[in-house]
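There are two complexes below, and they share chain A, which is joined by chain B in the first and by chain C in the second.
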Partner chain A sequence: MKKRTIARLSAFLTVFFLAVASAASLDFGLSLTNDSDYLYEGDWSLVQANEAHVWLAVPFGSSNALYVSGLYEFQGTFNSTTSTLVPWRLDLGRTEFEGLLEGFLGSSSVFRYSVGRIAVEDFSNRVMSNLIDGFRAELSLNNFSIYLGAGYRGLTYKEDARSLIDEDDQTAYEDSSVYFAPKRVMANLGFRLNELVQGHDFGLEAWGQYDLESAGKQTHTAYVEPFFEGRFGRLFRWRGWCVAEFGYDGEFFKSVAAGGTVRLSIPEIIGFRVTGNVAWASGTNENFRYFAPIRQKQIVTVAAYPFSDILLTSLDLSASPLRRVTVGATGSALFRTTTNAPSSDALTKATVRTETSGYYLGFEPTARVAWQAAADLSFHLSGGVFIPNTVDIYTTDSPLRWKASINAAFNL
Partner chain B sequence: MKKTFVVIAFIAIGSAASVFAQEAVFSDISGKVEYQKVGADWRPAKSGVKIGKGTIVSTGFKSTAALKLDDTTISLKPLTRLTLEALVKTQGGTQTQLYLLAGRVKADVPPQAGRTTDFRVKSPTATASVRGTGFEFDGINLIVDRGSVELKTPTGQYRMIAAGEFSYIVRGGAVALPAAVVLESGLDRVADLIEQSASETLSGNVGTPTKEVPPAAVVPTGTLSITVQ
Partner chain C sequence: MKRYIFSCIFSAMLIAGTFAQSNAFVDSLLSEKKVNYGQVSYLVLVASDNLSEDADEGRAFELLETLNWAPKGVAIADSVPLAAYARILMSAFGMKGGVMYTLFPSSRYAYRELASLQVIQGRSDPSATVDGVAAVRMLGRIFDVMGLNK
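== the complex of A and B ==
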């Protein structure tokens, strides 16, 4: 019976697929990626991940389309004593019905919408950048755009969602029996004015998340994020943003973050670029709580510091000495903004001194090579080391943290 | 009253008389290039041949041609077909309108002191209007050699694209932030230009690779217009 059901289902899917394919200009593809990360911090560990990502796009008319994607992932973590294998993980990727309506409010307007498992991100990419199950809508009138969205995060994979707003989230994240992200709904609203001043855009976004977890502490947060982006002349580009976070977990709290980037590009000199970056997130002190974004991300490549109680300054140089080859190097200096203990997850083998008063956490130089071997095949090799500050913050026996990564991607 | 009318009539007649048709001249022909005048058969193009309003010009595989109108040069890339819709010269300047049905053109329109140059390239999905600049355009992608161009979508969104910059219409019909690029290849390597432009986005961790996201299904629709400031 079960075999017959599977056979019928397979036949139905085949017929459906062929019918849709013949009726529409269907597009589909496959992406295969390999990520191998080698870490050494007194002891070695290897994180191996392989992912197959299939996607299908079916247009409906000239202005609407259905996009479906799914992924298979293998992940293994190995070190000298233990190995942890996740032999397979199947998940739904970006899957949405999207479309646009032109002339929605007069001839100079366009309305865009997406419903399903959609990708959202804030301007700074520091508050939120992930998939949610929900919708997004945007109305553009000339150079003015207003957009809003809402969705549920509790059906996304916790490693992707990286929802680490309070202690409950941290507990659930570390619990290997929990697969999904904490139950939280989120919404955003924003506008953007392109070329408000020639070559410069301005916008404002508001993000919020509501904690639906009934057990434990509930923490609700909202974020207000004004931003600027523009360029001076042909070669200079810059952007700046700041975020005010307001929250409630039984009592009200607030925190702040800000950042900016400046880039000089000289394409005539082997595609040379120099980029300066600053990002700051408040820690807990008499005025502010630690900054807790909706999605917590590692802010540098080797050290796993989260974007909280941190000041990052970095300088990146890159060039393309050969066509389809890009080389680059980054130097990042990290500081804490308070004298509170730095994140314990950032460096597993480094020990924080009992009496510390310094702010400088350490320096991280990295280098990378990217090679687009063919239109569908690319390789990315990178490596770096985090040098912890053993004078002020970490004990003198804290080892360097090394990391080497190779990424290969094949897109059909 | 009668006198006023007569004066106005004379001025109008005088102005009309000063508008006269202009002709374009073929030059730098390479490969198979043909033209078809109104009501005539297709003929192979040769350097020095003059063509006028209504003429259709077509280039074949690995074939290129240039058309000259006074100081203006229009370079036709391979597999291009266009119609000369208007070639008009007045005392105040020139008016040129081309209809680009397929392919790619590169226009070099030098500014003329004391005269206006109204140069337009229309296509099924775009209109490019030029006064004193140089650019290459294929309906979606734009690279500017000289001057400054306003790239505008039908819904009114625009960005200024300066000399040495590239921009294009991204998914959903928005104008991408311009990126400084090397001009020597023009739009021949448009995929590289798009990748370079996308990599100029100042977001995320500097130096950290981002995972490729498969292309979106919805492609931009509507028309695109370019006007020069």
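== the complex of A and C ==
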């Protein structure tokens, strides 16, 4: 039985590699990136990461393609007392077979599919946005599209997956001997109606994840996300969304999140753009539990607050004063939504008062410059500071948290 | 549709006074499923003012070879891959390109450059042969990128 399996696998791999090798039109490349993050919060620290990302693209006809990518990463973390080096990390990047079928349900129908290690994301980017090992399919008919996908997250790197739904996830995330994300499967289903009302699209997505970890507490969650986005004239755009989360970990629970964006763009005036953004996620109180998306992300750049028990309001200005150069600045005000203690991971040296009363957590101004030096070479500099509220949340000796980042990318 | 594409792109070129090829040539080019080096040479070299429009495809291909913008060993009747067409366009219009194109001005990096500039759009294969409509559309986008329509 085992021999037969190996023989089948060998035959499959032989056919596969022959097919790839015989495809005369393969394309390949290498991307090199540098990410340096300098943090100062009473004490300094530096995170240095360099990545080499190699990729191969093999078209099969005009409608199908195979894309394979892998990465090497070096990472060093330094501060005034210790340094930690991870000299190498090798992993599989986006690797998928994708294709499309046009016109099989009428002239305006398009069916797209993708199988492998694929990228998935929800409308708001607040529930899920990462690679999964699975599939994705989408059928578009005129101005209507329906899409679905499913996959396994347990073979992706935990730092990328950022699966932090329950305490077991947190324990595994903090355990340096664990590489992979917790064993969870996920699925999504959604539809979108384009131009249902003139200039406006509406849609609904449903996401769910099932905890396969046999040890510890099993936490299963589902998310329902209605959304809309629209435009008024050529200059104004807006979008809104909300998420209702339902979960079970021995008992049922629920939480909610919502957000919206308004943007004014005036391309004629040095590409000027102003964006207002609001995002809110529930915390634990008598009605809701803390919002726990499938992939948890930091909500602002400097302070590491997760998207849970938080209200973010921000205003962003950007412009392109020179060709290939974009500058921007953002001001973000953060509030907690309950009187629970704010996330302890957000600020490393700030101390939460024993008695807190207010909701305002702090203000974060940031600035950035992006320079696309050439089509294959780009630089990005950014910096900012988080000013904690030392009146009624943090103690008066809580320091400011500064951050400066330099990112560069070169595509060979 | 083909007439529409032709009229949009070429009317802009005509207004700019850059060149005026015969309708017959462009009509025949737009109906080609696979354009060849002779057609591409004439189209691009005339559009970029490297060749007078009263020349023929044979003369255009000769010049393309002389300028070393055609891949080695190709014949005038050979179909043109997308990457090779990108190299011809970038060379003819004197486009600078990125770091890798500056160091290695090959079809490979010309294809990448034009893809990043959206001259090549959508799903594409660098070795796929170019059809007439795509050849004319890409040329029109080069005019946009270079600001030659103004």
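One rule holds for everything that comes next: the second predicted complex is superposed on the first by the 389 of 412 C-alpha atoms of A that agree within 3 Å, B and C clash if a C-alpha of one lies under 4 Å from a C-alpha of the other, contacts with A are read in each partner's own complex, and residues count from 1 in each chain.
One rule holds for everything that comes next: a contact is a pair of C-beta atoms (placed from the backbone, for glycine too) under 8 Å apart; a residue touches a chain by one contact, two chains touch by 3 or more.
For clarity, every value in this text was computed on a predicted model and none was experimentally measured.
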Chain A as common anchor, with chain B and chain C clashing or fitting: clash
First (chain B), second (chain C), both or neither touched by A:Lys158: neither
First (chain B), second (chain C), both or neither touched by A:Arg136: neither
Contacts of A:Ser62 with chain B and chain C, given as first, second, both or neither: both
Contacts of A:Ala374 with chain B and chain C, given as first, second, both or neither: second
Touching partner for A:Asn411 - first (chain B), second (chain C), both, neither: both
Partner chain(s) touched by A:Asp27 [first = chain B, second = chain C, both, neither]: both
Touching partner for A:Arg117 - first (chain B), second (chain C), both, neither: neither
Steric overlap of chain C with chain B in the superposed model, located at which of 3-11, 57-65 or 75-83: 3-11
Residues of chain A contacting chain B in one complex and chain C in the other: 27, 29, 59, 62-63, 65, 100, 375, 411
Residue ranges of chain A touching chain B (in the complex, touch as defined): 27, 29, 31, 33, 53, 55, 57-59, 62-67, 69, 94, 98-100, 102, 107-110, 112, 119, 121, 123-125, 129, 140-143, 194-195, 198-199, 229, 231, 233-235, 237-239, 261, 263, 265-268, 271, 275, 277, 297, 299-301, 314, 316, 318, 323, 328-330, 366, 368, 370, 375, 378, 380, 382, 407, 409, 411
Footprint of chain A on chain C - complex, ascending: 97-102, 108-109, 112-113, 116-117, 123, 125-128
Footprint of chain A on chain B - complex, ascending: 154-160, 162-165, 172-175, 177-182, 191-192, 196, 200, 202-209, 211-218, 221-222
Chain A residues within the chain C interface of the complex: 24-25, 27, 29, 59, 62-63, 65, 100, 373-377, 410-412
